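Structures for review follow.
Both complexes shown next keep chain A, but they swap its partner, so chain B is in the first and chain C is in the second.
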Partner chain A sequence: MSWIEIAVFLVLLALGYFFGRYAERSHYRSILWREQESLGFPLLTLRTPPSSLARCDASLVAGNVVVSVDYFKRFLAALRALVGGRLKSYESLLDRARREAVLRMKEQAMDRGAVVVMGVRIETASISKGKGQAIGSIEVLAYGTAIVPSRG
Partner chain B sequence: MDYEPKIIPEGINTSREHPLREFFLLVGGISLVVVLLVSVLAASADFLLGYIPVEKENQWFAQRHDSSAGDTGPAAEREVEAYLQQLSNRLRDPARPGFRFDLSLLENPAPNAFVLPGGHIVVTSGLLDAVESENGLAMVVAHEMAHQYHRHPLRSLGRGVVIALALVAISGADGSGLAQQFVGGTAVLTQLGYSREQEREADATGLELLLRQYGHSGGAVEFFAAVRELPLADDEPPVFLSTHPGIDERIDMLQAHARHNDGPITPLPAVIGEYLAQVEQ
Partner chain C sequence: MIITNLETVPGRRIARHFGLVQGNTIRAKHVGRDIMAGLKNIFGGELRGYTELLAEARQEATDRMVAQAEALGANAILNVRFSTSSVTQGAAELYAYGTAVTLE
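And now, the complex of A and B:
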């Protein structure tokens, strides 16, 4: 082990911490603001629309997000894996990815003039699966049926 | 059907705890456990390996290392090796029989010497070039012999094996490279502390051997002074990353224990000059 290796490790850790934290804070600010903005727009997990909406147009809306793990979070998670317990450093990533995916789906529905999204489902995709340590990202896909009142 | 918008409170799916708090707790806790584990294993290995008779060690590591007899004229090399062997015989501690020393020469410009289990001491041609007198050379040889008197080579070997096995047992189960690197790095830093302690011990005992032979400690710092003048010396890593204590600390220690520093200095035999001239060609 040399001086250089330790320095590289500390620099990566600091970069991961400061950039990761900055990204997380600004992302949460944006999420909270947009959630507040679109609070009045209903998302339902019901599969069938209520009878009042039986004569509307329906279309698929979806939002997907991929958030990368930073070096600092990965290091915390690696240490956590030795002793067990909540992987707090990854929990916020999943929270951000889920809410961002839902917001994107919602924004798409609002753009189409929908009044509600029915049958909302949330899934994780798997880009990084099987790549081991190569990527390390969290992927969330949210989709549903946007109900748009038919014209005329 | 009525829809009533509600805001879901924060902090259900995430933690409000500052990430640095978790970081310092994990880093501190895990390093503490690794340091304790390495210390306990190292102390046990040190303790138990001391019970292996030196005769057994000599038997296990009896194989003589084949010094590379190249084009440099094996005659001069053999003569220098015979001189080194004779020098180490003079430095022996009569109170500690059973130890065997086998000196050999390695053609390498870096001034260095090391000892392997079984009492095999290797001296580089660069070291012969760096010292000015027999006393300076004797200090380095005595230092390596002191390592063997304290059974350091065997102890380091045993300690390394035990700690490596323990690390594989801990981090081998979890495939995460990062955790493995961190645990391994902490263990290495802890082990380096033992290595530096051994060097201090060997310096002290080596100086005793030197004093017994020559009656004074003149020339003891020659080698360290020469190393300090090397261009490499500026790149010396900080002490906590090094296997050896800092050069200045070692010179200070030697000078603090030095006695009658002004005794007669024995010159190096002529054959060393001949050998070095051949090596340089």
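And now, the complex of A and C:
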């Protein structure tokens, strides 16, 4: 390995670390803020709506997000793969993605004037594993049925 | 057309079952989006281009499912599920399926 390669590697690592950390912090701030805002809105994983919601309309709502791992985290993961154990850097990534997807679904439901979202499901798919030159990205999809009181 | 992932629609009775309806689509990412994604791969964060791409693709899969249900004469699709799988490098399949029914 030449000196230039090592320098490029270190620069990428530093970029990944600083920008990744900044992005994660501001994302968490936004998530926490929006979660506070919509705290009173119920999301249920139950599949049978309560009988009190007899005169309501149902429609599908969904939120998705694709997130990518930064260079630094990928490096940490590669190191961690040598000894095994908990991969904290990926845990926070997936946690963020899931909360973001759920919030997007919730916001869509609130826009439609729903009172509750029933049958919430969260699904995670890795779009590409990130081997070699490929881009490691993970998609999280949250979907459910928004129950909207019918007008009239 | 009522689309829901519940097994019932509140306050409505199922008059007729038509069985499974499904829709799928396979999408490949395009190069322009991949360049942006390559940058994000260093910095991390959301790949907005992909988020939109997948949302559009999922909508298309849903539309195909709905078209199938309409052809059968159904007015609702219950118990809808989505699934995603990566078929080859750089392409993803989005699949939607559910049960077509007629509600009273």
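Just so we're on the same page, the second predicted complex is superposed on the first by the 146 of 152 C-alpha atoms of A that agree within 3 Å, B and C clash if a C-alpha of one lies under 4 Å from a C-alpha of the other, contacts with A are read in each partner's own complex, and residues count from 1 in each chain.
Basically, a residue touches a chain if its C-beta (ideal position, glycine included) is under 8 Å from a C-beta of that chain, and two chains touch if they have at least 3 such contacts.
It should be emphasised that the depicted structure is a prediction, and the values quoted were computed from it without experimental measurement.
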Margin query: Based on the shared chain A superposition, would you classify chain B and chain C as clashing or fitting together?
Written below: fit
Notebook entry, point to check: For A:139, is the partner it touches chain B (first), chain C (second), both, or none of the two (neither)?
Noted result: second
Item checked: Residue contacts on chain A - larger count, chain B or chain C -> C
Notebook entry, point to check: Between the C-alpha centres of chain B and chain C, what angle is found at the C-alpha centre of chain A, to the nearest 10 degrees?
Noted result: 110
Checklist line | First (chain B), second (chain C), both or neither touched by A:81 | finding: first
Next item on the list: Name the contact category of A:125: first (chain B only), second (chain C only), both, or neither.
Entry: second
Notebook entry, point to check: Does the superposition put A:95 against chain B (first), chain C (second), both, or neither?
Noted result: first
Note to self: To be precise, I mean the smallest distance between any C-alpha of chain B and any C-alpha of chain C in the superposed model; what is it in Å?
What the structure shows: 14
Next item on the list: Pick out the shared contact residues on chain A: the ones touching chain B in one complex and chain C in the other.
Entry: 72-73
Item checked: Residue ranges of chain A in contact with chain B within the complex -> 1-3, 6, 9, 17, 21, 35-36, 39-40, 42, 50, 52, 72-76, 78-83, 86, 88-89, 91-92, 94-95, 116, 133
Notebook entry, point to check: Where on chain B is chain A touching in the complex?
Noted result: 1, 3, 5, 7, 13-15, 17, 19-20, 22-23, 26-27, 29-30, 170-171, 174, 176-179, 181-183, 185, 188-189, 237-238, 241
Notebook entry, point to check: Which chain A residues qualify as touching chain C in the complex?
Noted result: 12, 15-16, 19-20, 23-24, 27, 47-49, 53-60, 62, 64-73, 93, 100, 118-119, 121, 123, 125-128, 130, 134-137, 139, 141, 143-145, 147
Next item on the list: Within their complex, state which residues of chain C touch chain A.
Entry: 2-11, 34, 37-38, 40-47, 50-51, 54-55, 58, 62, 80-86, 89-90, 92
